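Going by the order they are written in, the chains are A, B, C, D and E; count residues from 1 in each one.
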Amino acid sequence: EQSLKIGVSANFTEPLKQLVDTYNEKFEPDIDVKLSVAATGVLYQQVRHGAPFDMVFAADIKRPQLIEEEGLALENSRFTYATGQLALWSTTRDQVALDDLTPYQGRIAIAAPHLAPYGKASKEALLSLDLWRKFHDKVITGNNISQTYQQTRTGAVDFGIISYSQFLLSDTGSGVLIDSQLHEPIEQQMLILKSTLNEDLARKFQQFILSDSSQELIISMGYADTRKTGHEQQ
Amino acid sequence: MSSSDEWLALYTTIKLAGLTTLILLLLGTPLAWYMSKIQSRYKVFLEAIVALPLVLPPTVLGFYLLVIFSPTSTPGKWWLDTTGYSLAFSFTGILIGSVIYSLPFVVQPLQKAFEQLGDHVLEAGAMLSANSMDRFFTLVLPMTKASFITAASLGFAHTVGEFGVVLMIGGNIPGETRVLSIALFDHVEALNYSTAHWLAACLLIGSMVLLALIYLLNFNHERNIKYRMEP
Amino acid sequence: MSTLAVSEAPQAIQRDLSVDVNLSFDSFQLSCDIRFDLNGITGILGHSGSGKTSLLRVIAGLNRDAAGTVILKQRTLQSDTQFIKPEHRKIGFVFQDARLFPHLSVAGNLEYARKRCKPNSLDANEIIQMTQIGALLKRDVVKLSAGEKQRVAIARALLAEPELLLMDEPLSNLDNRARRDMVHLLRLIHQRLNLPILYVSHNIIEIQQLADEVLVMENGRIIQVGHVHQVLNNLNERMSTEFSSPTSLTLKVKQHLVNFGLTQLDFMAPSHNQVKLFAPLMNQPLGQQLRCYILADDLSISLNKPEASSIINCLPGRISQLHRLSRNGMLIKVQVMEHTFAINTSRYAVELLRLSHGTEVFIQFQADAIRCY
Amino acid sequence: MSSSDEWLALYTTIKLAGLTTLILLLLGTPLAWYMSKIQSRYKVFLEAIVALPLVLPPTVLGFYLLVIFSPTSTPGKWWLDTTGYSLAFSFTGILIGSVIYSLPFVVQPLQKAFEQLGDHVLEAGAMLSANSMDRFFTLVLPMTKASFITAASLGFAHTVGEFGVVLMIGGNIPGETRVLSIALFDHVEALNYSTAHWLAACLLIGSMVLLALIYLLNFNHERNIKYRMEP
Amino acid sequence: MSTLAVSEAPQAIQRDLSVDVNLSFDSFQLSCDIRFDLNGITGILGHSGSGKTSLLRVIAGLNRDAAGTVILKQRTLQSDTQFIKPEHRKIGFVFQDARLFPHLSVAGNLEYARKRCKPNSLDANEIIQMTQIGALLKRDVVKLSAGEKQRVAIARALLAEPELLLMDEPLSNLDNRARRDMVHLLRLIHQRLNLPILYVSHNIIEIQQLADEVLVMENGRIIQVGHVHQVLNNLNERMSTEFSSPTSLTLKVKQHLVNFGLTQLDFMAPSHNQVKLFAPLMNQPLGQQLRCYILADDLSISLNKPEASSIINCLPGRISQLHRLSRNGMLIKVQVMEHTFAINTSRYAVELLRLSHGTEVFIQFQADAIRCY
């Protein structure tokens, strides 16, 4: 049995697990994938300091780029594997529409714009909707999109901007997709670390992720169709 | 992030840690006293409960607290109706969170100190007509001063360093719930290492000076008086 | 026991202090039912472990487990339905261990008592001077010697000016001189404040010098109660071989022989004035009445009036009782006018001198055998 | 995430918390003893330094520890050369991190207990020919047992609940550095709320039972013996 | 002080215990330079705060601040360059406060001492029985009464079988009976183990009964040293009004008068055997030599041989010294053959009987005035 250690950013954990299962259905021999879940920022720090991962699935472009610049990644291993989408979500309302935000006077939860790509996109979307001026001092920021999800889920805040993928996975609340034209695309990239001892397997797995069938699975889980937006590769 | 942001965060931190410590001393002292006196087996459970906040990871604890604080829950709704503002994402909210999270660090040292004190000296106080309040303030308090300082400094430091709970239930609102530890974490995440190092150094040195001052006070006191425990 | 107490309660109220309590430890049971007047210093004698400290603690209210009734000066401190807290009992306690407040200086300890005592009728400086702790005022109490601690504890208890003072072997760490000074101080305080004292001591001399009433405890029970002379003269055999019994007299100051360091004393009845009694010179006005004790060990008997002896006091009397104390010890009571003197002697002397009931004898004793308050 | 993963995490957690507590008791006891005895002003700084790990947010502390543990730093390289494996992302690494992070919770209660003990009884021990080791084990230890239990349970609980440091320097590697608190956090992050609730409840109840057992032991002991402090 | 000690060191080594130390507290200075033999029980007298406890602590090594030299049986315990830790000094200490181990039972406390003592030549059961703590063995020490604690502390110290035992007012919480039993026990132990004891007490009777050598301390200094009779007979005026002085004799058991509860004693020199001396009956073999004391207060003087008196002992002698003790007190030394008796009397008696140097007198005392070990 072959194994891969993958550092994955929290938001992609569930899709990646499903992808591994699909892989193991399709190919022989089975691979054993060990997932280390952490926020992208944490993953980056860990990689810099010698984390024993074979691959990293980040939630942005910036950190993978930095890893590559620091010479820790294999050549030609950095690919965009998914493009995130946003959802406006509430657990206190039965129906949610973007227009609800216009009369809304309360707080809104987003991921921290300067830390998380989803946060940056959320801010851009609010700017496009001309709502940022109203909300800029009322936003509740979580360190990452998961925290935003949790803060919204408890009902402590009426609206939160989370990832569309989270919205699809969640079992409560109601939400609405935010048009991805309202913000810069949220590209999520993966790469293979130079220190890997399983380069062949990692490459094979990477090819599998980028395959059409996998991409369709990813899209079905709430990510944008990257082939349409033309951001498949940087 | 501007430096005025940091000053604001510093202010919030000191306010939060200071108030938390104060509240913990006010709540924790009678609780510790009570726990040091009870003789039933029920004490064991009380002790375990006080220690529990430690066992949950801060963000998880924060999540459950947020559930309780949310206006959709009964306590959260009651608070909103009573005060007009939501407990979640307010300074009061992170204050309550910090108090719960740091409770064991204040209660346990005090409880042990009260237990070790015994009642010989207190009996002597009673025979000089000092009632229980009087005895507490004029005998117990000065004799356990060192443990109060330990308790307060553990509680204070722990609140300064805590950010999991605060971030979750506070939402990182500048001037309200954004504390220094969150700011520091932000800088690390945002790869502003020089700022992060600088802030971490300031935090460490500031805390060190503060702690040293506290202990110095205590030290001068202890040099003169050395209590002894006897059978 | 407690039902008995209830039925006797109305009678109990007549006396100043009534204690009817039961207290059980694993291997010890305190069981007291006693009422007595508190118009003086009451001594408590008893062997180690006989329950003296436990009794004081119950009276002070420091042992809530004790079942029963405690009534002090018509005030019910404790009953089946009531329990007045120790701090409201207005009782002072000098503990066997000093129990000073370690975080306060000597002065701080005294002030602590002073502040919580309303009328402040005693002069603190006087007490400080008499307990000889003036030089210690600024010192840390943890650095005091054992005797110093004990003196500070006594001063502190006195400055609280309680209505009843319990003292648990308060002088055990003091030397004779300090002990004498303290006894003097206690007597003075007692007179000045009319402060009744319950005084536990192993030292029979202290009890003699201080106490009016005496309780004797054994195995958690009070086995004897009464006036000091009565009790000490009637200590049962085992007790009297351990403590020695005194004779008690009230005498009047007649004359000071300053040059000789003697004071001549008279019996109270004018008819006996032909008998001369000499005690060590004392600073008392002429005519002053004194309560004096003479220990049975300090007396001797002869058949003839001894002459040219350095023994200064010699009284004629008649043997009224011969009491075999132990295998070889005899206690002889000699009637000198209406006074009874107790004399310890040996069976050998009794046989040698053929002493028996009615024998006319002389009793002799040195000046300093007469011990006064 | 399968349930066998959870068992593995539980095992790692117990191993980590148990070893951390053990090491803390072994290191913290002499340190606390030393600190309770020194009389110079230098004590103040030592006290402040011991309390410092509290002041930094766990992830930030974790970050700095990671920097130190990394094979690119001198200590990290030395470790790698000596032992053949990297300190970062190893069980040893998170163990060291936990020890540092929980140090104050063990040292401070012990130090206070030692200080309150005084040396009256120890002098009596010395006069019966017990040397200092002997006195420590036969007098100090049994007389401060309650404080040892407080110290150990605070240290244990704090390690169980800690995840910032462990996540940062451990990398969440199943069977090696993935502990229950991280697993719990993962479930919350992965939106598996029912699993998360269940795990949190288990953690709480398990810890409660454990703590209650510990305190019960201590309680039985204390019921019989009540030490008293005297001047 | 310490330079002096160094120059005298070779001489110091000749004696068993040599202590030359200086120790300063804020308001107290201990300053001792003394050497003496440790072949018995050495009493230490002194007022409260005179430094008795401090001196014992220095000898035990419990006060590291003390500068100077301590040499015990040729072993340097402490000098400018050396400091043997207290646990290696093989010295036992009975503290003024008992200092029992609160987490151990009474038996546990005794065992603690027993385990750390190698040869175990004493029988633990005997010690337990003699200190009367057999019934307490399973008890928690924190629940003991003060006297019970003290007895346990003594038993514990004895069971450690040290080479030197320091006792700091070990009997202060005991009643007379227990005190007597303890004195008996200590003497026995001392004989059996040849265990030298330094014994601090306020109680002159205890010192008389126990001590061979006596030190008197005042203000941190040793103001008198010597054999117990010598010291007690020469206590300076202030001391002697507080303590009373004894005469010491060595006597031989001649005969037991069991029926009368008396034992007849002889002087050692055969020539004096015409003089009869009676003491209370004692359990000693015939011919046994005894060290006896008679307190100056227990003796009286007469010019004629008194007859028919219950005073049983009467010795002819000649006054060799008249010593004015205080304003009115006189100490008279009477030479009876080669023995000197000290008698306390008053100036009045001296003038009345016209006593002066060379006067032939009879000294009288009761049987129980003869106090033996």
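Criterion: contacts are C-beta pairs under 8 Å (C-beta built on N, C-alpha and C of every residue); 3 or more make two chains touch, one makes a residue touch a chain.
Just so we're clear, the structure is a prediction, and the values are computed from it rather than from any experiment.
Considering every other chain in turn, the ones in contact with both subunit A and subunit B prove to be D. Taking the mean Cα position of each chain as its centre, A sits at the greatest distance from subunit E.
Averaged C-alpha coordinates give centres for subunit B and subunit C that are 56 Å from one another.
Subunit A and subunit C have Cα centroids separated by 91 Å. Centre-to-centre separation between subunit B and subunit E, using Cα means, comes to 60 Å. Those residues of subunit D in touch with two or more other chains are numbered 59, 63, 120-121, 143, 188, 226-228, 230-231. Contacts with at least two other chains are made by residues 97, 99-102, 142 of subunit C. For subunit A, the set of residues touching two or more other chains reads 45, 150.
Those residues of subunit B whose C-beta lies close enough to touch subunit D in the complex are 39, 41, 43-45, 47-49, 51-61, 63-64, 104-105, 108-109, 111-113, 115-121, 143, 146-147, 150, 153-154, 157-158, 160-164, 181-182, 184-185, 188, 196, 200, 203-204, 207-208, 211-212, 215-216, 219, 222-223, 226-231. Those residues of subunit C whose C-beta lies close enough to touch subunit E in the complex are 25-27, 46-49, 53, 96-97, 135, 139, 143-148, 150-151, 169, 172-180, 202, 204, 242-243, 257, 259-262, 278, 280-281, 297, 300-304, 306-312, 326-329, 343-353, 355, 364, 366-368. On the subunit B side of its complex with subunit C, the touching residues are 120-121, 123-132, 134-135, 138-139, 142-143, 145, 224-228. Of all residues in subunit D, those touching subunit A in their complex are 59, 63, 66-67, 69-72, 76, 86, 88-89, 167-168, 171-174, 178, 186, 188-191, 193.
Taken in their complex, subunit C has these residues touching subunit B: 60-62, 85-88, 90-93, 95, 97, 99-104, 112-113, 116-117, 140, 142, 156-157, 160, 162.
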